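The following block contains the structure, expressed as structure tokens.
Letters A, B, C and D name the chains as they come in the text, with residue numbers starting at 1 for each one.
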Amino acid sequence: MNKIRIGNKIRIGVIGAGRIGKIHVDNIKRHPRAQIAAISDLYVGDELLEWAASRGIPLVTQDSENILTNPDIDAIFICSSTDTHVQLIKRAAQEGKHVFCEKPISMDYRQTEEALEAVRAAGVKLQVGFNRRFDHNYKRIREHVQAGAIGDVQLVKITSRDPAPPPEEYIESSGGMFMDMMIHDFDMARFLSGLEVEEVYAQGGVLIDPVFGKHGDVDTAIVTLRFEGGALGVIDCSRKASYGYDQRAEVFGSKGSAASANDHPSTAVLSTESGVWSDKPLHFFLERYEAAYFAETESFVDCLLQGNLAPVDGNDGLAAERIALAAKMSLQKNRPVKLSEIM
Amino acid sequence: MNKIRIGNKIRIGVIGAGRIGKIHVDNIKRHPRAQIAAISDLYVGDELLEWAASRGIPLVTQDSENILTNPDIDAIFICSSTDTHVQLIKRAAQEGKHVFCEKPISMDYRQTEEALEAVRAAGVKLQVGFNRRFDHNYKRIREHVQAGAIGDVQLVKITSRDPAPPPEEYIESSGGMFMDMMIHDFDMARFLSGLEVEEVYAQGGVLIDPVFGKHGDVDTAIVTLRFEGGALGVIDCSRKASYGYDQRAEVFGSKGSAASANDHPSTAVLSTESGVWSDKPLHFFLERYEAAYFAETESFVDCLLQGNLAPVDGNDGLAAERIALAAKMSLQKNRPVKLSEIM
Amino acid sequence: MNKIRIGNKIRIGVIGAGRIGKIHVDNIKRHPRAQIAAISDLYVGDELLEWAASRGIPLVTQDSENILTNPDIDAIFICSSTDTHVQLIKRAAQEGKHVFCEKPISMDYRQTEEALEAVRAAGVKLQVGFNRRFDHNYKRIREHVQAGAIGDVQLVKITSRDPAPPPEEYIESSGGMFMDMMIHDFDMARFLSGLEVEEVYAQGGVLIDPVFGKHGDVDTAIVTLRFEGGALGVIDCSRKASYGYDQRAEVFGSKGSAASANDHPSTAVLSTESGVWSDKPLHFFLERYEAAYFAETESFVDCLLQGNLAPVDGNDGLAAERIALAAKMSLQKNRPVKLSEIM
Amino acid sequence: MNKIRIGNKIRIGVIGAGRIGKIHVDNIKRHPRAQIAAISDLYVGDELLEWAASRGIPLVTQDSENILTNPDIDAIFICSSTDTHVQLIKRAAQEGKHVFCEKPISMDYRQTEEALEAVRAAGVKLQVGFNRRFDHNYKRIREHVQAGAIGDVQLVKITSRDPAPPPEEYIESSGGMFMDMMIHDFDMARFLSGLEVEEVYAQGGVLIDPVFGKHGDVDTAIVTLRFEGGALGVIDCSRKASYGYDQRAEVFGSKGSAASANDHPSTAVLSTESGVWSDKPLHFFLERYEAAYFAETESFVDCLLQGNLAPVDGNDGLAAERIALAAKMSLQKNRPVKLSEIM
């Protein structure tokens, strides 16, 4: 029997052991140069303990301070509720720990700016959870755009539809369609085009379920964007696509277009007397972005190991939040809103 | 040798022997129950005469009155320039002839209304040249919508991109992107959804060629629509798609979506070391809508023979013109414009 | 009113006014340089007369000799039953008329050779009705192969499935699956690859309807081919594909592959909770090869006008017949059969 | 800090730490109810030790007996060269250990039968490494067939092409195209159709590289199959598809067809003036069947945990080997060979 000493690994603590926190834990475990050191959650019950044991997590705690102050931890994943993000980022920065934070950083871009300031002051890295940047389809579009294959960007189109609305308790505190759901799409618009948004116009409606209206939210929206330099963009968004998660994008430019389609559980096509039938798209974000979640973690770990810049950082988080706020204002006032008005 | 007498045919005169007029002539000739009686054009030269002879057209004239007053002619196709449409419709109506008129009827919706009034007063039929209603792909989407397959309409998306910009002399007198090009898409939005448009917001830019700006026009636009009942729509439009004519639509509703893709010259796919390659879309409207142009003529002839209503009539023409005018105003004022403001 | 003299047109007589004969008549009529001079059919009734009148055909006759000996006729389309082809080709050749003949020329390749000899002796042109050579998809594959895009041909795959079996009376006299149906595919194998077949092995079965077995025929078959130089091929064939006419091909070579898919009535895709649905392929050969039938006629007329070689000639007809005979023998003997054995 | 005791895990030893052995190790590690206990390889060097350490494998040994006789090991993965499989299966069975064995079990079906007999006698389970049975696309076809969606099976078509030929040293000892490469396809033919093969006819050639001929092998082949009950099948196979790994299948029956296409790295489509481009298929088996390899391991572990039958067992391995032997004989004799001749 032989053993060898392994190279240093990044030791990670995860705050918030909900659905997304657990995904990150499993992805950290799969990374050969990372290890999971601890998780915290406000509620530690048998189920969580059993789950943590099955993953071999050495420490499960209710108090995130046990993680933040742990000298054996290099980086923190913040997967708790949005209202805790800013405070946790500041604490992590104070403790000199690198941060991966789920989106959005906050509902108030001024608080986000404070968090970014703390990160800058501490010299730690901050990556924001825009997992779609690591999706194979969007990345490929971005590559085509960056390679100049489509020339100058003129139009950006994004379709973003969930398979089913969230429960009412989620809707209440979600921050609304623009901040909760379309924030990913606003980031995609910036990522795919490589351009900053200057003006937005948002149309929305309650077409699926009155519960959205009850909480001052919409369930269906079209947001048009004007980018610096004059390119145009449009995002259409729905809380319920009966056929499943619909995630497509297209960037059109002076030399052509690059467009992606949905991913499906299989390529199988059934042809019968009644038509030609194929699978619905992959059901929801866990299935569709499974590989992207892993790639996002991989990328964070690699940037820490190699001392690189975070591939999607606090400024990206802030930019998307400001677009979301502009869209919200546009919907309320039914007029285009410039990003420069958000201040 | 045997001969039999054929049943009555609709006898048609075509005013305007440009590209679109010639297409209509060939399609009329292919219809077993229609015959071409005459064509007129402001300029009758050898080329036109030779072409007319090859089609066996008995009369070629410079003066459209020779057609309008010809008692052996049942119906007129108006394929001359837009500024002549209203006057010709009125004359045809006076002469008791049915009318097929290319789009738009006019640039001024009040004049269009006058033409419609003349048509109503004379009791003749008027069909407007919205050929895309007869396209196999759009028709199929419409069928799915009408059959209830997608439930209540919530979103309508249309992509409309030309392969190359028109020459400058065309741009000057075209009426601009909204009236010249997107008028088809505004009609599609109404046709596919079965809903009336209540409000539009238009974004546009000169991203392809400054010549558009010189004439106060745009070459790239995104127009969002709000339909009666709250459904939303968006049309993106470009004067130049390097890869060819891009004509797609999608209607999304409470039970699903119906979407069309482009048509291609072949289904052949070439796979080599450098990638998987397939044909560009059919080049332009003549190729893509070849069958639709025939079906449109067929439909007009059939409605005359059977005494049915025109499948797409003056009111459809008017409605699309009013949306185009609203879009134009929206672009100028950079604010949403209600259709009720167009009066 | 003006008239001009049109250039000479090819004057064509059609022998056999069944389904395929009528298609050819309509296509001849659409060609600006061809005109239909006469049709003959063994049975001339009111229906045929009415149809002929609607097409403006000047002569309808029961006796093909009235066509063959007519000095005002330049070329003959032979669309009568297969057992009349050889005799009619010989007569047309004697009369110095060019011939378009439906496939197969005959069931007996020695008789076919006699017909070809008569054609050669008379110096007239003979085109065989392998319409698929003019299909947009197959042509595109052939272009890729000819352009060297796939390198040296190594594999040829053809799928050929009818939507429904023919009636029993057709089966009785059809010549069997290989001669009636797959003869097109044997021609495609030669056309797409540009190679001659040296050996075939046929497997077949009666899996759809015992009526095929009753007449010594099969309804399902797989035929493998060995081409000169060693490339391999395979054709799968069925008399009944519930989902419609299935016509696909692929040529694979040292540098890649070129493959075609089916054509469909529309590109519309319906996505609902129960899956993603699209149209079945175009129903049958009339729909799928509508454009190919016209292109085939166009090509024949053009070769006469320009004095070119027929694009698909008697030798192509003969070659496909010999492959069909070899396949038949292979099925009977359950062993591979060399083409050199067919003599 | 809290800990809980985890339920029993299957403890696995892997014999053979080549490419496929390492894949299995990583997949075993990902399974929450399995753990890797040891690996053995004929050559244990620094690279292997380092790799093993990075995976936390407690034991690395040169002698497979250390694994076979280890009382703490429940099951063995045999990933060593084919000539060792039979002996290792027998040893594992003697030691009462369950076995996962890579394909083929052996080149000599009588030896395979001996190994199966040992497994039966010992009452252990044996799963054979036909990973494609766990591929999302093939599984979906199988589901459609089993659900009766395509009716009675009439035709089975499989395309199986590698992106590049293996090195000469591999070719020498591979067992030839039928036993090495097509054995997967023979298994697929049985799996997808649910039918046994009764007769095969193989055509093959050396079209890619003479090195195959030098070792009495072919690099291109078409094998036709006759199944019990009369259904037909065909597999086309190439050692080099320039555009990448080509893995498709279709099952056609009385009610329709179920067909799969290749998987691709992304759905992105680039449309430019020069055409419409998309990604080549996933490069090779490691990429294409990545998920299938995990699912295969998962399935083996689950069958051990739950006491179920192995989802693909020794008899499946034996059946595919016998088809491969029949295909080899058919190629040599250039005649169809019945499976009953292989004995």
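Operating definition for what follows: a contact is a pair of C-beta atoms (placed from the backbone, for glycine too) under 8 Å apart; a residue touches a chain by one contact, two chains touch by 3 or more.
None of these values were measured; they are calculated from a predicted model.
*Asks:* Please work out which of B-D and A-D is bridged by more C-beta pairs in contact, and write that pair.
*Replies:* Counting C-beta pairs in contact, A-D comes out ahead.
*Asks:* What's the farthest chain from subunit D if centres are computed as the mean of the Cα atoms?
*Replies:* Farthest by centroid: B.
*Asks:* How big is the gap, in whole Å, between where the Cα atoms of subunit A centre and where those of subunit D centre?
*Replies:* Taking the average C-alpha coordinate of subunit A and of subunit D, the gap between them is 38 Å.
*Asks:* Taking the mean of the CA coordinates per chain, how far is subunit B from subunit D in Å?
*Replies:* One centre to the other, that is 57 Å.
*Asks:* Among the residues of subunit C, pick out those that touch two or more other chains and give their numbers.
*Replies:* Answer for subunit C, listing residues that touch two or more other chains: 241-243, 255-257, 271-273, 279.
*Asks:* Select the category (line, ring, star, complete, other) that matches the graph of chains linked by touching.
*Replies:* complete
*Asks:* Flag every residue of subunit B that touches subunit A in the complex, lowest number first.
*Replies:* Checking each residue of subunit B against subunit A gives 151-152, 154-155, 157, 159, 161, 201, 203-208, 220-222, 224, 226, 230-234, 236, 238, 240-243, 246, 252, 254-257, 334-336.
*Asks:* Spell out the part of subunit C that touches subunit A in their complex, as residue ranges.
*Replies:* Touching subunit A from subunit C are residues 241-244, 271-273, 275-280.
*Asks:* Which bits of subunit B are touching subunit C when the two form their complex?
*Replies:* Answer in residue numbers: 1-6, 30, 32, 44, 49-50, 52-54, 58-61, 136-137, 139-141, 144, 149-150, 255-263, 265-273, 279.
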